[in-house]
Every structure is written in C-alpha cells, then in structure tokens.
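Lettered A, B, C and D in written order, each chain numbered from 1.
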Amino acid sequence: MAIDLSPEPAVADLAERTARFVREVVLPVEQRHAAATPSEAVRRELQDAARGAGLFAPHVAPEYGGHGLGMRGRAAVFEEAGYALLGPLALNIAAPDEGNMHMLELIATPAQKERYLRPLAAGEIRSCFAMTEPAPGAGSDPRALATRAERVDGGWRINGRKWFITGADGAGFAICMARTSGAAGDEGGATMFLVDADNPGMKIVRHIETLDETLYGGHAEVLFDNCDVPADAVLGEVDEGFRYAQVRLGPARMTHCMRWLGIANHARDIAVRRAGERELFGSRLGELGMVQQMIADSEIDIAAARGLILQASWELDQGRSGAQSTAIAKTFCAEAIWRVVDRSLQICGSLGVSGDIPLGRFLREVRPFRIYDGPSETHRWAIARRVLRRHTTAAAR
Amino acid sequence: MAIDLSPEPAVADLAERTARFVREVVLPVEQRHAAATPSEAVRRELQDAARGAGLFAPHVAPEYGGHGLGMRGRAAVFEEAGYALLGPLALNIAAPDEGNMHMLELIATPAQKERYLRPLAAGEIRSCFAMTEPAPGAGSDPRALATRAERVDGGWRINGRKWFITGADGAGFAICMARTSGAAGDEGGATMFLVDADNPGMKIVRHIETLDETLYGGHAEVLFDNCDVPADAVLGEVDEGFRYAQVRLGPARMTHCMRWLGIANHARDIAVRRAGERELFGSRLGELGMVQQMIADSEIDIAAARGLILQASWELDQGRSGAQSTAIAKTFCAEAIWRVVDRSLQICGSLGVSGDIPLGRFLREVRPFRIYDGPSETHRWAIARRVLRRHTTAAAR
Amino acid sequence: MAIDLSPEPAVADLAERTARFVREVVLPVEQRHAAATPSEAVRRELQDAARGAGLFAPHVAPEYGGHGLGMRGRAAVFEEAGYALLGPLALNIAAPDEGNMHMLELIATPAQKERYLRPLAAGEIRSCFAMTEPAPGAGSDPRALATRAERVDGGWRINGRKWFITGADGAGFAICMARTSGAAGDEGGATMFLVDADNPGMKIVRHIETLDETLYGGHAEVLFDNCDVPADAVLGEVDEGFRYAQVRLGPARMTHCMRWLGIANHARDIAVRRAGERELFGSRLGELGMVQQMIADSEIDIAAARGLILQASWELDQGRSGAQSTAIAKTFCAEAIWRVVDRSLQICGSLGVSGDIPLGRFLREVRPFRIYDGPSETHRWAIARRVLRRHTTAAAR
Amino acid sequence: MAIDLSPEPAVADLAERTARFVREVVLPVEQRHAAATPSEAVRRELQDAARGAGLFAPHVAPEYGGHGLGMRGRAAVFEEAGYALLGPLALNIAAPDEGNMHMLELIATPAQKERYLRPLAAGEIRSCFAMTEPAPGAGSDPRALATRAERVDGGWRINGRKWFITGADGAGFAICMARTSGAAGDEGGATMFLVDADNPGMKIVRHIETLDETLYGGHAEVLFDNCDVPADAVLGEVDEGFRYAQVRLGPARMTHCMRWLGIANHARDIAVRRAGERELFGSRLGELGMVQQMIADSEIDIAAARGLILQASWELDQGRSGAQSTAIAKTFCAEAIWRVVDRSLQICGSLGVSGDIPLGRFLREVRPFRIYDGPSETHRWAIARRVLRRHTTAAAR
C-alpha cells in the first residue's frame, strides 16, 4: 500500500535471464549478420533458443504460452531484450506483432484468438498493422483516415492505400483500419479488419527504403484494392476502430520505448567501455571533462526515461487511459534515446561512424522513433492541450 | 511485492491538505509581503497556522511533533509545500532546518536531541549548517575543508571562515564542520560541532547579497574565531564528519528538489492560465504552437523530475546510499525546474519580467539551485566517474 | 568592391578609445553605484567625461555633435560601450534615446529637429518612446494598437494607456504612437506624436518593477488622458506610424544587440579570469573540460552574434529593409547573450550568484531582452513566414 | 576601406552560375544514381559538364585552369556547389582533392606541381591525404603520429598504418604524413611525402564502412609497409609537416563547412517546400507554430554559419592563421548543419526517413562532420585554451 519500486521476484528473474540470454545468445548472432535483416532461418533459430530458455512471448497470457506480464513487468524485461537489435525478435516481442497480440487478447473473439493470436504468440506466423496512410491520409491525424470499407454481401470491401506497414511482407495476416462511416477529416467511425495475407485484394506494392533497417520484414506500401473480407473479419465492434487504436497505441508506444531504451543502454556501454580504454592527449578519454559530461548526460537521460516509462506503465496497469503519461514518456524517450546514441557515437569518434562498431547503425535505427508512433510535435501538441484543458476546467469550478 | 506508485492514503491525505493550506493560507500572506523576506512575526503566524492545520514538521518523528514521513512521503508533501515560496517555512521544512533535523534524528545523542532537535522541530529556534567556505576552501570539493578544530582543555577550539551559511543570522545554533585531522586538500577527517549562537567565537561577518532572496535569514559569511566548544558539542563521532555530511546531503539534495518542484508547478500554472486567457494575433496564446511546445516541454520536465525524485527517495528509504540516484535527480531537477520557470516567464512576455506576477522572482530563486548543493558540473563528474567505475569493475570480473 | 571585414580606421579608433574609456572611467563609477540606477548627477558626470573624451553621441550627424556613424560603425563602437552597464548612458547611446535620435534624424522637420533632436543629442534632455500597451493592446502584434488620437481644433487629442515605457520618468518628451484610423486589430493607420513632458494629459501612473534595473528612468506605465497636442506635434506623416515604427525598430533592435553583446563580453571575461585563477580538485578551473566547454560555447556564441549583427547592419546601411536579417540577429543575440551570461555565472559558482561580482545583475539585465523588442517567438514566426513566402514565390515562377 | 559584405561581381556571377548548374545538371544525375557512389564514368560526365560551363576547379590558379578564388570567393561558390551531394565532385572541389590542390599550390616545387597539381586540377587523377591513424595514433592529437619515415639510400622508407583515408582507392597519389623525428606522443617533427599510387609499399587494406557514403572513393585503411620513396618525394621541408598540416587543415576545415552548408540549404528547402504543401489537422504544416519554429531555427543556424565562415575566410585571406576563427566556425557549422538536416527530416515525418527523399541520406552524410576534421570536443578544448591564454597574457601586461 505504499510506493514500491522493486519488481516482483518472478519479473526480476525473467529480466535477469533475458539480459543474460541477449548477451550470450542474441548478440553473437547479431554480430554475424550485421547490417542486414536476418533471414527467416535466423529468426526461427533465435526464437527456438528463446523458447528453450523459457523467455518466449513473455507478455501474452500463459494459455498462449507466455508469462502474462503486465506493463510494469514488460518494462523490466523488454528493456533487457532491447539491448540487442534482434533481442525483441528472438523473444517475439517486436513491433508490430507484440502490439497486435496485446490487442487481440483484449478484443478478439475466441475464434479469432484461436485463428490469429495462438499461432502469432507461438511465432508460427507474423502480422502487421495497416493504419498509416501516405499524406494526406491517416498519420499524425487519425481522422484523416481515407481507406474505406463498405458493406457487401457477406462482409466488407476495403479500398485504400497504406504505407509504412511494418512487417507486411511475409506476414500471415494484417489488421487493417478502414473508415466505415464519415468522411476523411471528420471523426466518423473506423473499423478494424483481420485480413489474411493470401487475400488477393491486399497487395504489397513496394518496400520503402528507410533509415532504420532492423524491423523484421521492413516497411511496405500496401494497396487494398477491392479487398473483400467476410463479416467475421471484423475485430471488435464496427465503428469503434479509433477507440481500439488507442487501446493498442498507448501500450505499443510504451513497449517501443522499453525496447529502444535497451539500445540506449547498449550504446552507452560501448561508449563507456571505449572511454575507459582509449588514451588521448595523455589521458584516458573517460578522464576528460567533456566526455564525462556526455556520459553523465546519457546516464541522466536513461534514468529519466526509465522513470517516465514506469509511471505510464503503472497507470496502464491500473486501467487508466495513460493518454498523458504515455505521450510524455514517448516524447521524452524518443529524444533521450536519440541523444544517448548520438553522444555515444561522438565519444567513439571515427570508430563510432565506422561499421566496425554498431553505433552508426543504432543511430539510424532510433532516429525514426521521433516520428514513428506519432511525431514529437504531435505529442507535444496533445500534451499541451490536455494541460490547458485541465486548467480551464479547474478555473471553471 | 510489486511495483506500486500510489502513496499511502495517509500521505496522500497530508499532501492534499498541504496543497490546500498553501493556496488558501500561505499564498495570500506571500502576496502581501512580496519581494522581501518575511519578518519573524510572519514566520510565527505561518507556522502557527500550519501547526493548527496539523501539517507542521511532517518529516520528524511523532515524538518530536511530526508525522515521521520517509523520503517518499516527503516527496509528495514537500512538492505541495513548495508551491508557495513561504510554504516550506510555514511547515518548518525549509532548508537548512529540515536537513539539520534529519541529521540530528539520525546522529545526535539523546541529550543533544532534547537540547537542539526538540525546539528546532517545534519551530522555537532556527539553525544553520556551516560547511561551505570561500575559495579555495570546502565547496564542490569537500576535501578542501580549511576550517580546523583543535583539542583544547575540556573541548575544542574552532578557527575558520565559512560563507553562504543559510539562515545563520537569527539561528539558535550552528552545525559547524571542521577539520580534525589531515590537511586541506587531503581526505583526512572532519568533525561536526554544535555551536550555540551566543558563542562569542562565532561571528556573523556580513550578509551576502544573492540572486535568491527567500531562504529565511539569508546567506551569511561566518567567522569562527577561536571559537571554543565543550566536548559534548561533538555531533556523532570525531573524524566522521565527511561521512555524516553525505548522510545529510543526499536527502537534503532531494528535499531541495521536492520543494523547488513546487515552484515549477506554480510557474507552469501561471503560464498556462495566461496562455488560456491572453489573445494574440487573433488566437489565444495557448493555441499557438510555440507556446504549446513550451507548455509541453515543461510538463515533460516536471514529470521526469518527479520520477527521478521518487527513484532516489525510494532508494534512500531502502537504506541504500543513493549517491548516484540523488546526484542524477539533483542535476536534472535543478536544470529542469530552471527551464520550466524560464519558459513560463517567456510565455507571459513583458508581464513575466514585471513585478506584477512572481515569475521574475521565481527565476531568481531557482537559478542558484544549479550551484547550491553542488554545481551541476560537479555532480556530472561524479555521475560519470561512477559509471566508468561500474564498467571497469564489470570488465575485471 | 570585395568583401572586407575590417572597419574604417576612424571607426576602429573610436571603438578602441571607447573600450578604454569604459574600462577606465565608466566601470569605476558603476562599481561605486552597484545595484541602483545612477542619479542624475552621475549621469551628467559620465556624459561630461564622454564628451571630454570625444566619444559622445557618436551615431548622430556631426551637425548635432556626433560622428555620424552608420550601423556598421555603431556595431563596433556600441559593443565596446556596452561592456559597462552604464557605458551606453555615458555615451548617450542608451535605449530609448538612441533610437529616438535615429528616427528624428530621418523623419523630423527642421523645426522639430531643433526643438527635440538637438537637446537630446546633447544630453540636455532625455526622451521616451510610447508604443507598447498592456494586453490586449499593442505589443508583439502592433495592429492591436488601442491608443487613439482624434483630430480636434488645432491638433489632436490622444487617449490610451501605455506600459513598459522606458525612461518615461524624467524624459523631456515622448514619441507616442496612436491609432488615427481603423480599429484595434486591423492594420488601419497609426501616427507618431511628439508630446512634451509637461503636457498635463500625459501622466506617469506608476513605475513597473522589473527583473532588469539599469535602463535609465526605469519602465513606466503612462496614461494619455485627453492629451491634446498641436498639429505640428505630428512626427512624419499622419497614418504612417506603423511604417516609421519599422524604420525605428529594425536599427533599434540591432543597437540593442550591440550593447548587450558588450555585456556578454564582460561576463565572459569575468568567468575566464575566474577560471584562470580558481583551483578545484587540484586543477585550475580552466583546465576542467566542462568549464572549457562552457568557455568555448560562449566564445562561439559571441562570434556568431557578432557576425549576424554585422550582416544586418550592413544591409541597413545599404538602405535595405533588413527585416529578415535583423529578426534573425535579434533572436539569436538575445538567446546567445543570455547563454553567455548564464554560463559565466555557472563557472563562478556561489560567487557568481552573490553580489560580490556583477553576474547575477547581468543575468537580470539580459533576461528581458528575449522579450523586449519582440519576443523570440514572434520573431521566429516572422522569420518562418518570410522563408515560406520566399519559397512559395519561387515555386510560382 | 570600410566593411563590405557583397562579393565581387565576378564571384557573384560564378556563384550564381554554379547554383544553376548544380540544379540543372548535377541534381538530375544525382537522383538517377541515388544511394550509391557514382561510377568513374559519371564522375567524368559531371566534370566535363562543369568544365564546359566554365565552372571547373574554380579555386586553383588560372595557370592550372581555375579562377583563382580566395577563401571568400570559395565561400560563395562552394556553398552553391554543395547544394548537391555530387556538386563538389563535379566542380573538382571535393575533399580531399581540393585541400591537396590548395597545399600543393602553396608548398610544392615547380616540378612537383607539374607532376601532381596539374593533372589533379584537371581532374585527370585523384589524390588522398594520409594523415589519420587508428587509435592510439594521430587523430585529434597530431602528436600521437606513429607512422615513421627513415632515411634510406636515395630517399625515405615509410612504415605505418593509416585509416579513414578518404579517396585512397583509385587515387593517383597520396600525401602521406610520417614522423621523421621524435617519438609518438611528443611534438618532434613530421614530414609530408608524395607517394605514387603504384608504389608497392602502399597497400589499401580495406574499405571502412561508414555512415556517410558520398565522398568519392570512400574511406580506406592504408598500410605503408616498407614503402620507399625518393628524396624528391618530400613535400616542403623535412620536419615541417605539422606546420603544413595546419596550412592545409585550416582552409580545408572551412571549405568543408562551405560545402556542407550547401547540404543544409538543400535540406531546408525540401522541408520548407513540404511545409508549404502538406496539410495536417486542417492547416498547412507551415502554419503550425512548432514547424515554424524549426524553420526559423534552421534559418538562423544557416545565417550564423555563413557569418562565421565568412569571418574565418576573410582572416585566412589576410594571411592570418585563423586558428581560432576556423575552429569556431567548424564547430558551429558541423553542429548547426546537423541540426538543420535533422529538423528538416522531422518536418517531413515518415517521408523524411524514407528513401523517397534524400533527407535520411543527408543525415548520414553530415553526422560524421562533427568528428571529421577534429571532433567538436577537440576544437572546443582548443578554443577555450586560446581564450584562457589571451586573458592570462592580458593580465600579465
């Protein structure tokens, strides 16, 4: 009944074992497969190893093979998993699958769970979440949603263009968000649809080349072209898609932060190790004040990021919306993690920009995080609006 | 046994009542007595009110009239008290008295507690902590301690010069730190002495004019000139002063952060209120993106500061040293609180720099906090050194 | 006909003599009169000395006793004058008199010049510029001008409230900007009026307490209450006030920057001197990396500020509007100078926040500069709009 | 004889024609050859076009086919050339050839000029500058130079390892810096040697993969393994290499800044165009305050960078060392250009991180610039030391 910041023993144990697994099993694989996305064989190898270590899909319910971790538990474990770029893939907690599992557990019917959640949680298939659209469609502003679904005999017909659909290539199914009432620009209603990958109406148009390279399956542009789905492809209720999106996006924002924080830890460790070894002007790098300042600032950034993630996770675990706290945490983490990687690279000098160590790659991986899941500016706008509303309401009383 | 971020009900109640008390009782007094330090009469009036409201000295043990709040409880209550500049004085939790009570509870003998702690906790007397010395003496580097105490018949004789001794003028006693072995520049040993204010060897040389004006009694330069004290004036053990200083400084750093965070909240509220009312270029200020950005950044800063304070407070409550977490929290808070006040003032424009609202005063009050209790640079240096050491140790295993 | 960055010998000589004069004559006076605004006697003493040294009012035409410096020449000389807080007053180049002389030279009739410019340039009288109004009046948005002037028999009748009118108390006359057509919120037309200080319709309502304290005469709230002025009190053309305001404000913005840059130089020098002397942890402060970083960043800020001032000054000297370059320079300088003072204070630690050295006072003096002459946000908005327009125009071709 | 900021007409004309050439000729080629380094054929095609347009090698003396531009002239022209990543290659002003030509013109014997400078200036061959070594060799600290040259019969024998040798692969010759007296860590003496590419003692060990990809020929690790060179391979005087390095590095630092500033302009333009077109939340992006702030900050950064480049260029043209002004300009530019690209990418959102527009690539190109040519920290250290020395000297007088 009082404030307590130590995780349950079971969570602490899982986190510690994850940390060891990532260093001993995942990192060596990662170093062998440097700049490239791993093959399907490597994915299966890593996931088998995680399964063998009892670390697989820790966030899903035990009946689907996981440990049923709440958000606070994920905070501890995902940060450790994120220490390696491929750590989340190994544990089957990478985006977008992890967020899709979360949402399916909350919203799907029993039949849908058997068909989609069970194999997804088992790592037998992958998935994607088809929401974002090229401008002027849905992005920072979800109300701009332009993809439409219309009732047809026995189901729905979806038409529209999506992009930045992570993992679409090779996914077993997509969760597609389409407008089912209202017009682009107004609130109206959106609905989520489960679309099988072999549906001929869903076409992967192209791979979008991006700064980041690690998210499995890359980012695709996907066309829904008279894509017909049956009535039971509706996930949750018709017209409730915007609400579900929030159900998915709040936690997904946080798990993103947790995983990327692992990258920041890794970057910091590389830099600190270098600072402890490299001599310059007769001192070790770590004895130079400007290097110390960068190390300290990174340590502060990491600690503050962790605190904000914990606050938001706790609110979500309490069943609160967490709209403000997840927006605050996401905005801060995306920028703080970026700063940590940037400073770490700077400490390593020429070596840092070379492919000999992974900091350049980390930099590329984390830069888009200030845009993905809502650009910092959109979050800041939302944060400020809530603060202003809070005061207006307070004043009106 | 799991992570929990909600304070105990008793603490939550105390915090809420403190918030109300500060707004209803303290702020009106403060506005009447603007730029100046309040008189002794005002201090007594405020403290009587707090006592009447059952909010007085909440951090000391019940036997001394308080609520026995641990660090986590202080975090909640002190932040509310800090909303008004005079709030901490009203609750008798202002620096340096609050930190002195903390240390006396931990280290003093029963007799010393009766003589010094009891009247201090009751607000009957005030105190000061005489550690800092003008350059090149003790400051960022405690080992530079130059004030010396030598054994004389029946006690000790202290000689040295101190400055920035907050509250010295009018204090009933001082806790003076003096070197009892070794020489300035080496570790050696320091000892803490309880010096009564009427000791003819302790002289207030002058008031130091400073940017900040609120700390009660101001900052004095104090001369210990053949200042003789009896043997039982030693607080704790001889030569253990550096260790006790850490006992005092870690928590004191945090309570400083808590109180100043209250100022940040107040500054933010003033700015948000202004942003909700003032029209510019046909919009309300709060609808302008650059203003929203400042509001959001302040909200993020406040949330991150609170998270770091909580982490450090929890560690201290667990009996851990908290050296790293208090240094991280202090460094971040001092800068974040400064940014919040600076942005709030900026949002208010000309009004902000005028004496019509207190933001200019807040700015003056919080600027020194990046220097008091250890400049940010000293803390960053210590933070980095610990990180580097952690890695070296890890590598050596 | 090629780029040349060395000032003319006459200007270089004037700048160098100003630097010497400020250090040898003004600073000693300033140190004697610390925190307070100097008395009228001190003002006269300083101005007599500057006159004796051939440094007085260097920006006005020789026929009014000056050196006829253009903006580039002012850049060199005013920066040196600004090294002391009272330097600009000594040389009669302080705001708002300096800007008023500039405008009178450009716009006033010969009779007005004799009556107002000549004694002002000679330091016999002072002046003020009554434009800014309390919200929701003229401030960042000049179109919000609410003070009105209506034609009456033989002249005009002015009604309205102004605030932050620097130097109003003790001024011999005001230049008052009032709306002569249109309504508050639209462009309409404004007119500038010369109002003698003994006009019974112009009333100083109060002194506004502000963070800054040096500007001579302080900042006043001024009421124009049926203030009647004759027809020849119109400065320039009726309804052309907004245009004239730009004529005044562009250069005034720059001369403000030049003078404050002198403060930054002074702050930097104090910190560098301290860094060269003070020992900490066995090193001189100046050998510590974090201190070096602050010193280097200040050096960079000062150099960049100087470059931007020069660019804008040169454009103004070419007869170009300089709207963009003065906005850029003002925004950067206000923030850079603030950073330099802030860092300098931080380097000096406790001493820096004490009244023993003037850095705390400098901090208070320069903070409002991010608001006065247009808040940074307003300038950024204007800068961005011009950039966007430039591109739209380019695209349309 | 007074300050003048307008370039000579001939320079202005060259700059304007360069701007047109880059947009009309180079950018289309660049867009065809996206992420990859262009082939030798493309290099020749681009250089032929530049030659045809009378824009080739504008910085070398007319007798070598150029326009003899001084540093101020280069500032104007190189910035325009840098607008395209391949612009500098097209004009034969890319690093490291441009800096090598500069140094050869100043130091080489007539015979060396015929043999190396003439074909280099003509674009017939390329070159490299072999100075940097892997840690703990020469890098931020030139005195750490470990590569040695010893006198042998008829010349010198060079042994050592270099890395980050830009353009080494395919270069016709290298300028290699080797220690000819003293030991690694002390000042001693270094000498520059001209080494033909077909010298069997010079071996390209590997290509170093780096964040940046545009510099022609990439960055190589090069081994000098009993590399014998004749006596007339010495460039300049024996043991004067450190001094020559400064001759090369000061200007090379500036031309780097000029070229990268072109990238910043380009990034800014892409973002501004996007901001003028893209609609979000019912506004154009460019009407949103946070976007305006980013645009304004970039405009300020670019203007300040340009001013600092000009200052340093002018000093170099006066024959002054420019040590301080080039360090200031390089440090500021590297960080400002990075910020401009980063903000531009942020404004473009998901599109910005995609390969559909070149901002992600720009980000990768400019990040290393904060490390190449001396990390910002090394420059800051040097800047601060000079400031401190200046004050110490001033105080000693």
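Here is the rule we go by: a contact is a pair of C-beta atoms (placed from the backbone, for glycine too) under 8 Å apart; a residue touches a chain by one contact, two chains touch by 3 or more.
The shown structure was predicted, so the numbers you read here are calculated from the model rather than taken from an experiment.
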Top of the farthest list for chain D, CA-centroid basis, is B
Note: of the two pairs A-D and B-D, more contacts are counted for A-D
Between chain A and chain D, the Cα-mean centres are separated in Å by 39
Centroid of chain B to centroid of chain D, CA atoms only: how many Å? 51
Residues of chain A that touch two or more other chains: which are they? 288-293, 377, 380-381
Once bound in the complex, which stretches of chain B touch chain A? 1-9, 11, 72, 268-269, 272-273, 275-276, 286, 289, 291-293, 295-297, 299-300, 303-304, 306-308, 310-311, 314, 324-325, 328, 331-332, 377, 379-381, 383-385, 387-388, 391-392, 395
Taking the complex as given, what residues does chain A use to touch chain D? 35, 132, 135-136, 139-141, 144, 163-164, 185, 208-212, 219, 278-282, 288, 290-291, 345-346, 349-356, 360, 363-364, 367-368, 370-372, 375-377, 380-381
In the complex, go through chain D and note every residue touching chain B. 288-293
